[in-house]
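Please see the structure below; I have some questions.
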């Protein structure tokens, strides 16, 4: 092994990496937010068994979950303009990530809703609450709590997946790394540092999510 | 040099499925070997093994597969193996699959009731016999559904090998797209091919899950 | 004490006429006729699977019947969704498994429905909730979560929660059978208090002591039918029906 | 019949001296002294959580004790891993939940340990297995899987499986309490047969009929201590300790 | 690395692009083809060895070379000082001129015209470096993994402008006539064959080879065939 490690290019361009990491964080949180906004009504529609809607939701979920994200993002960035739908790279990345995580989160949230004891719904009905009130006030929070760990690991997985968006010239952390690598040729060093940065991001995300979980779900569980 | 999208282009993309499948198969085979080692490490009575396996899982589940591919791709060079997308993709996907399968299978091993291990101890069976004859056969049964589910994730993961230049389904699509400039057709076809590969597996996994739920409910 | 014949539909709290209910091909309720007068207390007993829960769950439409009419407080239930909501507001229900909302404090459990269904202000809802928590003798638990309470306390919260909607009728489905023995009495006492205040009550229970003490009538069900109805005195001492006899023999041990 | 004083370590099957066991800060066994003679049958009873299971699980080191010494068949257990394996080979154990291996037939269940641990040939292992399946009176079930057997049959397979290792001592942890009532006796009969043949047995059970019939001594445990030891006659008719009296009162109903 | 070493082995491994028409493409059977491939064939023939063509990509072609995966790159590698630190360049064997190119109705005549515009380029290509040098701060340079993705971005309307070579431009013009036009020239770029640093003998051999094929017109014939014109003057004269 006569390889000379050279981290100077990485250190000299570290501001680019920081900028890229910030974009990665923005993309991830944006997608988490939008994805959740997609997932909750889709999951509700699926569990409520509203026929045509549940069908559409199923098609959405199956298509997204059975095709690679890379192909989805190519499709959105390169193919949709042919249909008159045009996003800039970072927006396209956000759209693709949101649509992607939305599909996975729908299935997770659905499982959460289904885990809620029927008695809870009946108690709500017996008190005269309407369907959406039962969902909003009775089912929602406990359902999210049961699936919170699964949901947050999906979110972290999403953040890691976002490294692919540099393929459509989005300017995330991986893109910053690709740019530095392409001009300095210190490929291994660059990717090593980026990988460590992603690892720190995933630790940060999981710390943040568990802190949010602790403060949002303070109520004790039955013994 | 520009071509129109014709039967040749169509078949070029369709035939690239074989490389996706081959890469998935290699990664799955490697991941199965690595995964069993990681899973056994995670439930091992030896502390350093437990922590080592845990660290492996944390690292490979905490960093992007794409970066793992790049690192292996450019890192092989440092160890004098040279850069080769085939080797890099196979190694990176194997490591990736080992981490995920290891974690899945650990769960399955732990799902075997502890009474089974106690009975083996009480009969005087050693670690090896207990694992090979009692615990693993039962864990294997539980693991089929989540393993098939992971296979879908792995097949999709092979698409990232296109970024380091490995010509599989996604890369074939890009190449044809670059020659024909018909992205809607090309990427619809690529997506459809992945869907055809993955969807039956997804359905099968869900079917197995359902059957297992029924079996354990009794 | 009143007998069945004396109740007329005009002032009836609940009236069921020719009610049939199937689950698929399983006949869960078989031409049920039942009239409950205002202020009347009814205890329903019978073997497991005989349709007791189904019977009282039909009254607030947690189960939908296929035949017959159910009228609650003058409102014909089977006539439309609007009526169902109106009736549910006026009928309180207490479940065997309490079904408290685990993510809300006791106070929030009690305030939710009055605020969202009746549109009561936060202050009024809280005042009502505290009043009823006082009534079921656990005012000091208001800020705890259900998981922090004993089974008996949880069931009393469930009663208070139902009372906060000022229901005209209370339904109880085996309210004490999920409780540890030492907690059964505290819940029964709360129910006896409620009975004394004149609430119309339908109670599925096998607590025969309670039945003797408060029931105006005891109903015995078997295989989806009302097999025997009587005042507690005669019902226990001198059951007419063979199945009732066997059943009372079993639970008397 | 023998009394505690008569047992000396030399021919003892099990000897526990000053054994203490903690789970974290919870004191599960509190300075236990117990000597079991060869061929002796001991019944252990006591309230839930009193440490009965822990006691017998210490004997084949399914639980590791923090203080005291345990000697089984002359082998000091606490002295090293080699000894633990030696002892486990000689101590058979039957669990409340059977713990048969669901993916093996009855015969395979019985043959596994002799082949893997003792290195017996397939033929010999099969012959032994069939012999013991005969002894527990289910030779015809040899090729079925556990899930195809009734609870009582499963438990008898568990006994046969343990016997196939030719153990010198058999431990039973509530062997009949997971069984439907009609199957309890078939298992107890098997155990009585075994007792008659002179096997050393420690049995956790609340089947007092069994205790009267076969026990040389009955041990009563509470809160991790051995509270009372006696021959069954005097133990049941004239318990000395207050806690024993209350307990016997409860289970006698 | 020396020519005799390669000749002793009997095979030469030459890296080339397959996604850079018309220099490097895949033919209908999926084998490497194009100007670079033909030059490589010519070279191998000249050396009297078997040719093993190794497809590489824009970002990884230099790592391929320096890690001994290939002996020689005939991979449309433009000569730049940064690259010259990594590899040794031969005399030019091809050349392109790169332009800012884009929507016909867009008025751009110089670097200031890039202000506020999106420009697609292949990451770390010569277009990338030259546009990055001259573009005003508020120009938005979108970097893709390869030239084809950048062309794709232009054609799909994702960017109104791109940095492109004359070769790519002539192809886009046949695809979509009159839709786009050339805005201004960025630089002339000579492409050279590359070897590992220190392979002086091999380099000398290649330069000698290039001199001969330029002289006898066979290189020019290939250029006519693939690119559709004679070798540019700056390539023939370039050293």
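The chains carry the letters A, B, C, D and E, assigned in the order they are written, with residues numbered from 1 in each.
Criterion: a residue touches a chain if its C-beta (ideal position, glycine included) is under 8 Å from a C-beta of that chain, and two chains touch if they have at least 3 such contacts.
Which chain is which protein? Per UniProt: A, B = Amino acid ABC transporter permease; C, D = Amino acid ABC transporter ATP-binding protein.
Because the structure is predicted, anything quoted here is derived from the model rather than measured.
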item: Third chains touching both subunit B and subunit A; value: E
item: Chains in simultaneous contact with subunit B and subunit D; value: none
item: Farthest chain relative to subunit A (centres taken as mean CA coordinates); value: D
item: Farthest-lying chain, centroid of Cα atoms versus that of subunit C; value: E
item: Top chain pair, ranked by how many C-beta pairs fall in contact; value: A-B
item: Between subunit C and its twin subunit D, rotation from the CA superposition, multiple of 5 degrees; value: 170
item: Separation of mean Cα positions, subunit D and subunit C [Å, integer]; value: 50
item: Subunit A-subunit E separation of Cα centroids, rounded to whole Å; value: 39
item: Subunit C and subunit E, separation of their C-alpha mean positions in angstrom; value: 84
item: Euclidean distance of C-alpha centroids - subunit B vs subunit C, Å; value: 55
item: Multi-chain contact sites of subunit D, meaning residues that touch two or more partners; value: none
item: Where subunit E touches two or more other chains at once, by residue number; value: 63, 145, 149, 152, 156
item: Junction residues of subunit B, two or more chains touched; value: 74, 77, 163, 174, 177, 183
item: Chains that touch, pairwise; value: A-B, A-C, A-E, B-D, B-E
item: Interfacial residue positions of subunit A with respect to subunit B in the complex; value: 1, 3, 62-63, 65-72, 74-75, 78-79, 82-83, 156, 160-161, 163-164, 167, 174, 187-188, 191-192, 194-195, 198-199, 202-203
item: Subunit D residues touching subunit B - in the complex, by the definition given at the top; value: 60, 62, 85, 88-89, 91-93, 95, 97, 99-103, 112-113, 116-117, 161-162, 165
item: Residue ranges of subunit A in contact with subunit C within the complex; value: 117, 119-120, 122-123, 125-130, 133, 137-138, 141-142, 145, 217, 219-223
item: Interface residues, subunit B side, partner subunit E - complex; value: 1-2, 8, 12, 73-74, 77, 82-84, 163-165, 167, 174-175, 177-179, 181, 183
item: Partner subunit D, residues of subunit B touching it in the complex; value: 113, 115-116, 118-119, 121-126, 129, 133-134, 137-138, 141
